[in-house]
Amino acid sequence: MTNHYIDLKNSDVILIMGSNAAEHHPLAFKWIMRAKDAGARVIHVDPRYTRTSARCDYHVPIRSGTDIAFLGGMIKYIIEGNKFFRDYVVNYTNASFLVNPDFSFEDGLFSGYDAQKRSYNKETWTFQKDGNGIPLKDPTLKHPQCVFQLLKQHYSRYTLDKVSSITGVSKENLLKVYEEYSATGAPDKAGTECYALGWTHHTSGSQNIRTMSIIQLLLGNMGIAGGGINALRGEPNVQGSTDHCILYGNLPGYLKMPTASLATLEQYLTKNTPTSSDPQSANYYQNYPNFFVSWLKSLYGDAATPENGFGYSWLPKLEDGKHYSQLHLFDRMYEGAIKGLFAYGTDPAVSSPNTKKTRKALEKLDWLVCANIFDNETASFWFGPGVDPKQVKTEVFLLPAAATMEKEGSQSNSGRWVQWKYKAVTPPGDAISCGDIQIRMMDAIKALYAKEGGPSAEPILNLKWNYKDIDGNMDVLKVSKQINGYWEADVEVTENGAKKIMNKGGLVPTFGMLRSDGTTSCGNWIMSGSFGADGENKMARRGKEDPTGLGLYPNWSFVWPVNRRIIYNRASCDINGKPYNPKRNILEWKDGKWVGDVPDGPWPPMADKEKGKYPFIMKVDGVASLFGPAMAEGPFPEHYEPLEGPLAKNPLSSQLINPTIELFSSDLDQVANASDKFPYVCTTYSCTEHWCSGALTRWQAWLLEMQPELYVEISEELARELEIANGSKVKVSSARGEAACIAMVTKRFKPFTIEGRTVHQVGLPFNYGWLYPEDGSDSTNFLTPTVGDANTFCPEYKAFMVNVTRR
Amino acid sequence: MELTRRGFLKLSGAVGASSALGLNFKPVNAYAAELSKSNRIKSSKQYTTICAYCSCGCGLICSVDNLTGKIFNIEGDPENPINEGALCAKGAGFFDLTEANKHRLTKVRYRAPYSDKWEEKDWDWAFSRIARLVKDTRDKDFVTTNAQGRLVNRTESIAHLGSSNIDNEECWLISQSVRAMGLVYIDHQARV
Amino acid sequence: MSGKILNMVRVTDPIERIAHWLLAGSCLFCLFTGLGLMFRSWDFIPALLGGLYATKWMHIFSGVVFAFTLIYAFMMWKKDCAFEPDDAKWIAQGGGYLWKTNNLPPVYKYNAGQKLFFWFVVVFGVLIVLSGLVIWNPLVFPTAVARWSYALHALSALVIGSFFVVHLYLGTIGNPGTFQAMTTGWCSKAWCETHCPRWLAEREKDPSES
Amino acid sequence: MKKTEYIKLIDTTKCTACRGCQVACKQWNEMPAMRTRNFGSYQNPPDLQWNTWTLIRFQEHVDKNGDFKWLFRKDGCMHCTEAACIKVCPSGALYHTEYGTVGINQKLCIGCKACISACPFDIPRFNQQTEKIYKCDLCYDRLKDGQQPACALSCPTGAITVGEREAMIDKAYGRLDQLEGKGIVYGDKFVGGTHVMYILSEDPAVYDKLPVKPRIPASVILWKNLFKPFTLIGMGAVAGMAALHYLIKGPHEVHENKEGDE
């Protein structure tokens, strides 16, 4: 989230698209209802009518996987109807930047496509620059090669007729949403967008979000109270686990994982530290070396020295251009290349796409270590349906973990609020926390390497691993202070013009003080500042003051970065630092300083040509990207059909599917696009009463009572056609597998008219598995394909093709 | 006047181990000879925690009985500005995540190759066995240099999955240690 | 002849008397416990019986006894209690209880008042038993049936209770010499002459009747 | 001891059917769950049960204009002022609390089930094992402590609020104004006013299991207001008449000498 949950109340128009907020983020809906009570309009665009739709002003049904078409039409409407916030667009985005004349777009493909590699050479996706290396701009936005004109041209193809035919949304509904939402382009209006897995679970996931980001920038909705683009994330600490990057491509704080071609620290830092020639661009990532070296110091401690490149060579290096996501992981496991797996608090045997492949892959492991509070289908895969334990070689450990109230620590919500939690009781029986498990396991591994040696023993032996208390248990504060960062030497710094000595062993008060010479160590630079220099744990703060009245609560917990509640907040003010909307004033440049939320950097607003900086300080050019060359598919989002869809041809171009997605090719990766055998569009989702794979919630009688077993929601129209009665037993099947479930015949699903013909959509929750309850059916993911977004590899759970039959 | 959300569960500034609220027994009601639940709460220790489901970050208060040392009630934290005491179905049922739930795992379980049953083990045995397996697999498959001869120092045959439902400090320990082991197949629920 | 010993006539056999007392006893006990269940102010009754819950079950059990006895009593007495044309005359004159009358038709075994009592007991007894069964298991019946059963049960209790009082009076001090009919079973011949002359006459004609 | 009367206002126009209330109720009151099946609805358990005192009812409805609505109604005890259940309860297990709500003291309950059929809202439920009646007591224990009932505390959207009677009635009608007349206040016009009120978006007749004109059943009034007193009056009157008869007319003596000795 660029903003945070409470801030939703400050909005004038809330577009919920790609999310079922009322069901999956019921407390987010608290604030949405607060906005509605204050007069806001709330719009739900979703394939199905849900509990969210029931409380919105209206619901607009859309075929799964066509969000870019829908939003592309809105971009066209905003630009051609002159609804955009010109001041904002000109000053705070790259709309005026002139693009490389060799950049082109033709029939669904941008310049530089390599069909063999299914990827782009991005060398034409650049800006024209002047002699000083500063991008050329046309503030009138009229230059035919400027981003704005290219954007306009790109989306001119997204006509109402075209969009309606692709999405199945009536033209009246399209216009209604476009008109109502684009009204937030007024300086004193705020529009926000809430999305969740409904957008990310597509082969076009990242571009769905980017399309909306473009709209938000055009309407000047980024960085303001009641605005932003807000991911309602699905797991309690998915923000934190992402911030700490239990991810193949990033290191804690979103630092880049080194690749094989970056042999030395210098090469790595040069590659990853952006440079800008524009003196008004803060280009905050120029501090990258400070963050990275401080992280290496946290990893290897005293063993990381300037002489050994702070241990850079010990780090594992990825193969350039290769990915290691969950999809790849199970693909490799199925090939037999992965021998050991740690699976903590996760149940991929239910939650991973293409369950048949996933479960077969698990059988090929030599060993599997699971840590959970309940047994699950992954740990018990060896006696699952159709599995003969006598044939499975895998050695399995199921470690009993502590539940959340049985351990102390911090947890980050989607709004980046890092809140502290306390240990209420000790875990039952032998259970211990995952942290304790990791510490003790690593102790055992370190001991073994110390005794026996082995290839590349150094990173293991040098791993800084002193996070236990005197009783041998995990000392949470030791860990969180290391994450915050320490001074590793006595250092003289200048603070507010005064010189000051920071003593070795003291806490670093903010990431602004991190250094690349090894004199600071910091486990995660974005969390630096979570402790005060005096040792105050800011994450545990419970202050209820709300000076702006806008729900920022600056003294409640800690919010990264540096307690900034709304990121890009300098964009809420004009170039002189006066708020665009004085009624919702989160920040103002007054008497030479910023007043309000913690600003995106202390510099004056950009009208000050000397010291002033552009508002988007994390971007190399200081402005937000309407033109986004970082994306795999191209700088402007383009509609492609899902991997499996009802259409044989993309109505917008000859590129049927996203040209940059990776296609998996094992014998279990079957695909059936536009097939008579699987005629219905299917989507999957959760429900309020269960959570994710249901691995926690199915064991809870109160929750199971409310949602006892797997069901498929189908329209009355389709049910009539198939002679399926409400509550009867049916089977849903795809090219990859099937799911037995109960039919829930409902008025909430309606057939779509797509390209002139009727297309039915059905949907199933993904919360069930064979282990428990015994008669609640098995995983919905037997149906879903192993395919993911080209940037993030989020699997396409939300759009694929199935058949429904009685059983 | 509406009943407000803040009342006797109000926490003092310092929460945590020292947050026991005073023993404020009201005279026992004529109808209830035993201690009412409200009164039991007032004589218990209170701990705040954060919900473990979606990412809203709702606050909860666990009440721990002084005599049994067990949690007997969990409800929304009215002070938390995000949820103001409110909870959805999953949050309201948080109590069912405690050891009151008979399905909770309490012992290390081990399944030997080709076995058809779980065995119970102790931690020391489990950690030494896991360390052995990790070391054997890593040492056997460790990739020092890639096909181009570049130093890569990675372990491709061990993977780590999860978790987005543990605390930041635990996530960070995992993130650090899997890098030390040289793992590259590292992922968690951010994608799924 | 046994029937004439000491000028006494055996008017009831032991089975009849047992049935009568079972019926009367269960009815009285139902009435007693029923009042305890109905009137919170009569809480001495449940207090006496070990609580309201126990009272409920005693009420139910004695109701069951009442029900079976009622069936038996009905089978036993229905013939003797069948109405005859003369009964109308008897009723028209209030049975001679309310004002002086001279030409009461001769009664066979039971007079019309007794017959009326019998039939009221049978009808309201059946109603109170049936409604009682519903109240015992109200959830297996439609709500309306259950609801009206409570009212009917109360109404029947009202009727039976009131008749019970009349019966008690007429069977004891209201009609001296009657009470023995349900104790020893022997009544004086004179009593029979007064209360069941036709029956007595028939009986005396047929000595085989014991 | 008459205190302030409280009303729980359920604004169905704000309810998202997250069912936090349904679980919070079970959590606070330590009620177990049952194994259910999906019967083609989100609603589960299918009805109120002895262990489910509040239930969100899900209902798909197409209104007169042809607009589809998904209706959610939190069902549970309405806490009537003229409470049929209290009227029929023989043991005093059901009683009016000082807040005007209908409390339940399980210890006194004898499991007679009279309240079940008497209730115009079909609320009380019987447990075969304990032979007791169960229903919402509006968290009497919490109210005494100035706390919101568990359901109200847990409600994310403010669909469930509790407060003093007059304030909540004002609030209900204030909300109607906000809804520009597209709503109905339910609860203040019958059975002496209930202590649970609804703001409904549709006509009450549209909702499953919601009586349009709830009242104490006529059978209960006959029973309790007529037959019950008349049982004593009747028996007393008859006994009195018998006594009068005895005094005035005297016993019906047998004429000993009519026959004479043989």
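Residue numbering begins at 1 within each chain, and the chains themselves are lettered A, B, C and D in the order written.
Keep this in mind: a contact is a pair of C-beta atoms (placed from the backbone, for glycine too) under 8 Å apart; a residue touches a chain by one contact, two chains touch by 3 or more.
These numbers were taken from a predicted model, which means no experiment stands behind them.
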Neighbouring chains common to subunit A and subunit D, by label: B
Of all other chains, the one whose Cα centre sits farthest from subunit A: C
Highest C-beta pair count, chain pair: A-B
Euclidean distance of C-alpha centroids - subunit C vs subunit D, Å: 39
Between subunit B and subunit A, distance of the C-alpha-averaged centres to the nearest whole Å: 22
Approximate Å spacing (C-alpha centroids) for the pair subunit A, subunit C: 85
Set of subunit B residues in contact with two or more other chains: 74, 83, 86-91, 93-94
Sequence positions of subunit D contacting 2 or more other chains: 18-20, 22-23, 26-27, 156
Interchain contacts, given as pairs of chains that touch: A-B, A-D, B-D, C-D
For the subunit A and subunit D complex, residues of the former touching the latter: 22-23, 26-27, 29-30, 33, 37, 49, 51-55, 687-689, 701-711, 726-728, 742-748, 773
Residue numbers on subunit D that touch subunit C, as the complex places them: 88, 90-92, 108, 110-114, 116-118, 122, 126, 131, 217, 219-220, 222-223, 227-228, 230-232, 234-235, 237-239, 242, 245-246, 249, 251-259, 261
Partner subunit A, residues of subunit B touching it in the complex: 11, 13, 15-17, 19, 45, 47-60, 62, 64, 69-71, 74, 79-84, 86-91, 93-94, 96-99, 101, 103-116, 118, 122-123, 126-135, 137-139, 141-142, 144, 146, 148, 150-192
In the complex with subunit A, residue positions of subunit D that touch it: 14-20, 22-23, 26-27, 32-42, 44-45, 60, 62, 68-70, 72, 156-158, 178
Residues of subunit D touching subunit B in the complex: 6, 18-24, 26-28, 103, 105, 107, 141-142, 144-148, 150, 152-156, 161-164, 167-168, 171
